[in-house]
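Same chain, two partners: chain A is paired with chain B first, then with chain C.
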Partner chain A sequence: MSQETLQVFIDGVVRYFHHTNDKDVKVGTPYLVENNNPAAYDVTGIIGISGPYRGCVYFTAPRILLKHLLLSIGELDTSNEHIFDLVGEVANTISGNARSRFGHEFMISVPVMIEGAPNQIHLPSQMRSYVIPVYWKAYHAAVVICLEQ
Partner chain B sequence: MLSLMIVDDSNIIRRKIERCNDSEKFHVVAAAANGAEALELFKQTRPQVVTMDLTMPEMDGIACIQQLMAMDSNLRILVISALSDKATGIDALKKGARGFLCKPFTDDQLLEALTELTED
Partner chain C sequence: MSQNIDSQHKPRFDFGKYKGIIISVALFLLLDASVLLFNFYVSFEIADDAVGVNLAGRQRMLSQRMAKTLFVLDASRDDPAGFKTAFDELQLSKGLFDETLNGFINGGVVRGAGKEVVTLEPVTNRLGKDSLQNTLLLWQPYKSAVEQLTTDVQNNLPYESSLVAAVTMARTHNLAMLSSMNDLTVSLEQVAASKATRLRIIQTVGISLAIINFLFIMFHFVRQLRDSDKVIEKARRETTEILETVNEGLFLIDKDLILGEQHSARLVDVLGPQEFAGKSFQALLENIVSEKDAETARGFIELLFDPKVKEKLIGDLNPLSLVEVNIAQSNGGFLTKHLQFSFARAYQKDDDGAQKISHVLVTVLDITEQVKLERALNESRKHNESQLEMITGLLHTHPGLLKEFIANSFNCFNRVNNILRQPAKTSQAVRDKATSIFREIHNFKGEAASLKLDFFETAAHKMEDTLALLRDKRDLSGNDYLGLTVQLESLISYTQQVEHLTEKLGQFAVVSSNSPRPVNNKQVTGSRRSDGWEQLEDFVQNIAMRNGKMVKLVASGLSEIDLDSEYQKKLKDICIQLLRNAVVHGIETPRDRELSEKPIVGRIDLRLAKVSETEMELTVMDDGQGLDYDAIRSKALSSGKWPEDEIESWTNKHLLGLIFHDGFSTAAEVNKDAGRGVGMEAVMNHVLAQRGKISVSSRSGRHCRFVITLPIVHTNSSEEIAA
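Entry: the complex of A and B
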């Protein structure tokens, strides 16, 4: 995956957090992981990708980050329902915004949200994923890109 | 005051749009989580303005816009979507939408887009 492709998603992360009340987000250096050991925090929103690119993009974060993120977008109800909704919406927004670079053939699914341990995420074993670390407030999260062209 | 229907599969986005609407200009009469639900609620409430997400389960926003416009060609639809490519925006406008706002958006951007839509 090219640096340009990764940059599209990095820009998407930064753009998303800049629309919250606490804009100070930092993105770490992306790194590769084997798909039998995917990165995951408490709650994950996954977007399936089809078209010229195939695979998935997901946003994964600890519950406490998502609670603060809800408050930061003006949502005072930090119930489980809204935490799941938010993690899916972040994944959807970052993936959807990538179409400005990849075009309308970069097809994205509706988000699927999961909660729990990384072993619940199954990625194609023949591929590797790029993890983009995200630092916001005192918390860590990640955007994971698993795409083949 | 104009009646408004919000269509988005995210409850937090529906609530955000509802919260930041200027109550002197818009009155939210319905909120739907997908295109099929939006068609049913449209028949019941007949809103003058609709905010429409595109990527939704059951019936997506483009298909819903087509059906809504067939029922009311004067309907003012603002698409609010993360799909930021030009082709999608043009397609939505061809189907009858009058504006396009890209997610993520601020309250000010939403109000500006809705105001532009209703001043046409």
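Entry: the complex of A and C
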């Protein structure tokens, strides 16, 4: 998978955080994880990708980050429902960015939100995923990209 | 299916098929109407006959009344009032009788029972006629007598004689007349009765015919309908059977690109369950193929509906002849299928009998398995090719060493990945990662080079390039490492493939080791170790060749000390680094050596010797140009790390210390073998970690010697490494 393709998904997340009041978001050094031991925080929003590359991209974050993020965008209700909506929104921004960059060549599914790590349906166990840490305020979140050609 | 479609869309009404039933129904109505008409006619006749019967009956009564009034007249000669009444009654009776008799004989208008006027037809039946004739014969003298009496009475003439004559007439004729009139009545009644009987018969016949007709219609047409229903049902069943059995997704689309009512069952498997009938083709393609393909397909189908375009000519334009569709799944993923859409025109005859394109038949075939197979075949071919290439690149390496190299590589990749994984929020922390990774990759490159594994060496070199850029980049961020991570991933993948291949080759080696030549374990271990050192010879020759130099390596004592394998690996790394430096920086090119009147082939001595039970000494010495202190000084100046005047004041010894600095190299350009400036630092780090010593001696134009003293760590005392 090319660096440019990966960058599109990273840009998607960064773009989302740039819309919040606290724009100070940092991207950590990307690393690899084996899919049989996927990286995930409390809540995960997954989008399926198909086309020249296929697989999935997910944004995963701890609850505390998401609560803080909700508050920073002026949403005082930090119930689970809103947290899921928020993760969905981040996932949507990622897919929106990917759509505008890749054009119609790629098929991108609507986000699916889950608690914890995605299962094998999304992550073929014999593959590796790229984990791109995202630091926002004092919190860690991550974009995980698992695509095969 | 086409038969069904034809029958569904036949616009004209087929009259011929229904002619029989229409004639039958018309006949049925005609029959009913005629019976009804006849009924009307006969019933009117019967009504007339009833009047006749009625009047005939009155004649009987009138004949009796005339006789009675004559007898009353006879008895009332002395009673003028009674006489008058009886006389009037006689006049009335005689008039009515005569009028009615005439009516019966000649036809005409008579007064009815209720003073109304009725028309009588002349009686035509024989019995009636005879009885009328008889009556007339009797009536004429009787009538004359009565008329005589009437004339006499009206003219106040003596009437006794005429009365007597009339009474006598009454006595003699009355019964005969009554009998004749009775015969008339009977004959008239018979006529009426026979008409009624005829009417009943005709009605019965008519109704019977109507019923037969009805039954005929019933049986004949019901059977016909049932037969045609059977044919339709059979055709429908066949169509259904075909649609349910056929392996392709089949459906029709019309000019507006709307799907028809029917489709094959397979279509649901191919495109997923949904309501197909009446759906637009565009909507069907939406979300499963890209918008561009869907749009092209629409244009293509429109062309198919254009009768001027030859179907065969545009066949190649079909954009969906092999299309990858992605059907969204509820879990957020996609189910990818490879489908083949083919389109064929379906024709129908229009009113003028001309062929017209009515629909386009769409056939959808799921060829996922074929495509997968084809791809697997291609991939396996490619895989085989790359494996062959890989094998060629690996053949020269001893399997044991290769295995060790692969294991070391994975350890190295893990360490690099762990460095990347460590959270680093400050830009210094991010920058430090580049340095740490550089060390790992540089060692890896050295090992790859020593085994002449070009691919790995090149990949590592490229990673070093990336890292060098990162180190020099301002405002370094985590994101900048993305390219490096991608390189790491592809190197891991490649290494996994090599591992896979060596496993296969390992099996082969096991088989070949079963050959008759006896090999004991000790020997295998021993030869493996000596191979490990011997690779250094190859390594040196390799670098020398690449750098256009000629070198002879003289090694000794390397296998004589039993060392821990991990420890030995580190030692080997040091040797690799020092040998590489000796070749690249120390030994001159053959031409330079010739000019300096030295042997063309340079010499490098590599010696490992036990100094005491606990210490050993590694010596690497080359007979090259010695350390170039001027080059070190100018490099130090150009680095800008130190003030110029300070550098000018440095002694050679101080300058020597610089070569162990991070990122310091005197090589003019960066290539696989030199220029990174991390190798000597790694050597120093290792020696310091083991509490060893390094001493360097050099004489310009004559030699350069590195002597490294290290503790001995035996195989079974691995804990000491950590100490």
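Convention: the second predicted complex is superposed on the first by the 142 of 149 C-alpha atoms of A that agree within 3 Å, B and C clash if a C-alpha of one lies under 4 Å from a C-alpha of the other, contacts with A are read in each partner's own complex, and residues count from 1 in each chain.
Here is the rule we use: a residue touches a chain if its C-beta (ideal position, glycine included) is under 8 Å from a C-beta of that chain, and two chains touch if they have at least 3 such contacts.
Just so it is clear, the structure is predicted and the values come from calculations on it, not from any experiment.
With chain A as the common reference, chain B sits beside chain C without any clash. In the superposition on chain A, contact of A:V110 is made with both chain B and chain C. Of the two partner chains placed by the overlay, only chain C lies in contact with A:I46; chain B stays clear of it.
In the superposed model, A:N97 makes contact with chain B only, not with chain C. Of the two partner chains placed by superposition, only chain B is touched by A:L86; chain C is not. Contact with chain C, but none with chain B, is seen for A:G28 once the two complexes are overlaid on the shared chain.
Of the two partner chains placed by the overlay, only chain B lies in contact with A:R15; chain C stays clear of it. Rounded to the nearest 10, the angle at the Cα centre of chain A between chain B and chain C in the chain-A superposition is 60°. Judged by the touch definition given at the top, the superposed model places A:K67 against neither chain B nor chain C. Which of chain B and chain C touches more residues of chain A: that partner is C. Judged by the touch definition given at the top, the superposed model places A:E75 against chain B, while chain C stays out of reach. After superposing the two complexes on chain A, the closest approach between C-alpha atoms of chain B and chain C comes to 8 Å. Touching of chain A by both chain B and chain C, each in its own complex, is seen for residues 104, 109-110.
Across the interface of their complex, chain A is touched by residues 9-13, 15-16, 19-20, 55-57, 81-85, 87-88, 91, 102-107 of chain B.
Residue ranges on chain A touching chain C, taken from their complex, read 1-3, 6-7, 10, 26-32, 46-51, 54, 56, 104-105, 107, 109-112, 121-122, 128, 130-133, 135, 140.
Residue ranges of chain C in contact with chain A, taken from their complex: 287, 290-292, 326, 328-329, 331-334, 336, 417, 420-421, 423-425, 430, 433, 477-479, 481-483, 485-486, 488-489, 492. Chain A contributes residues 15-16, 19, 70, 73-75, 77, 81-82, 85-86, 88-89, 92-97, 99-100, 102-104, 106, 108-110 to its touches with chain B in the complex.
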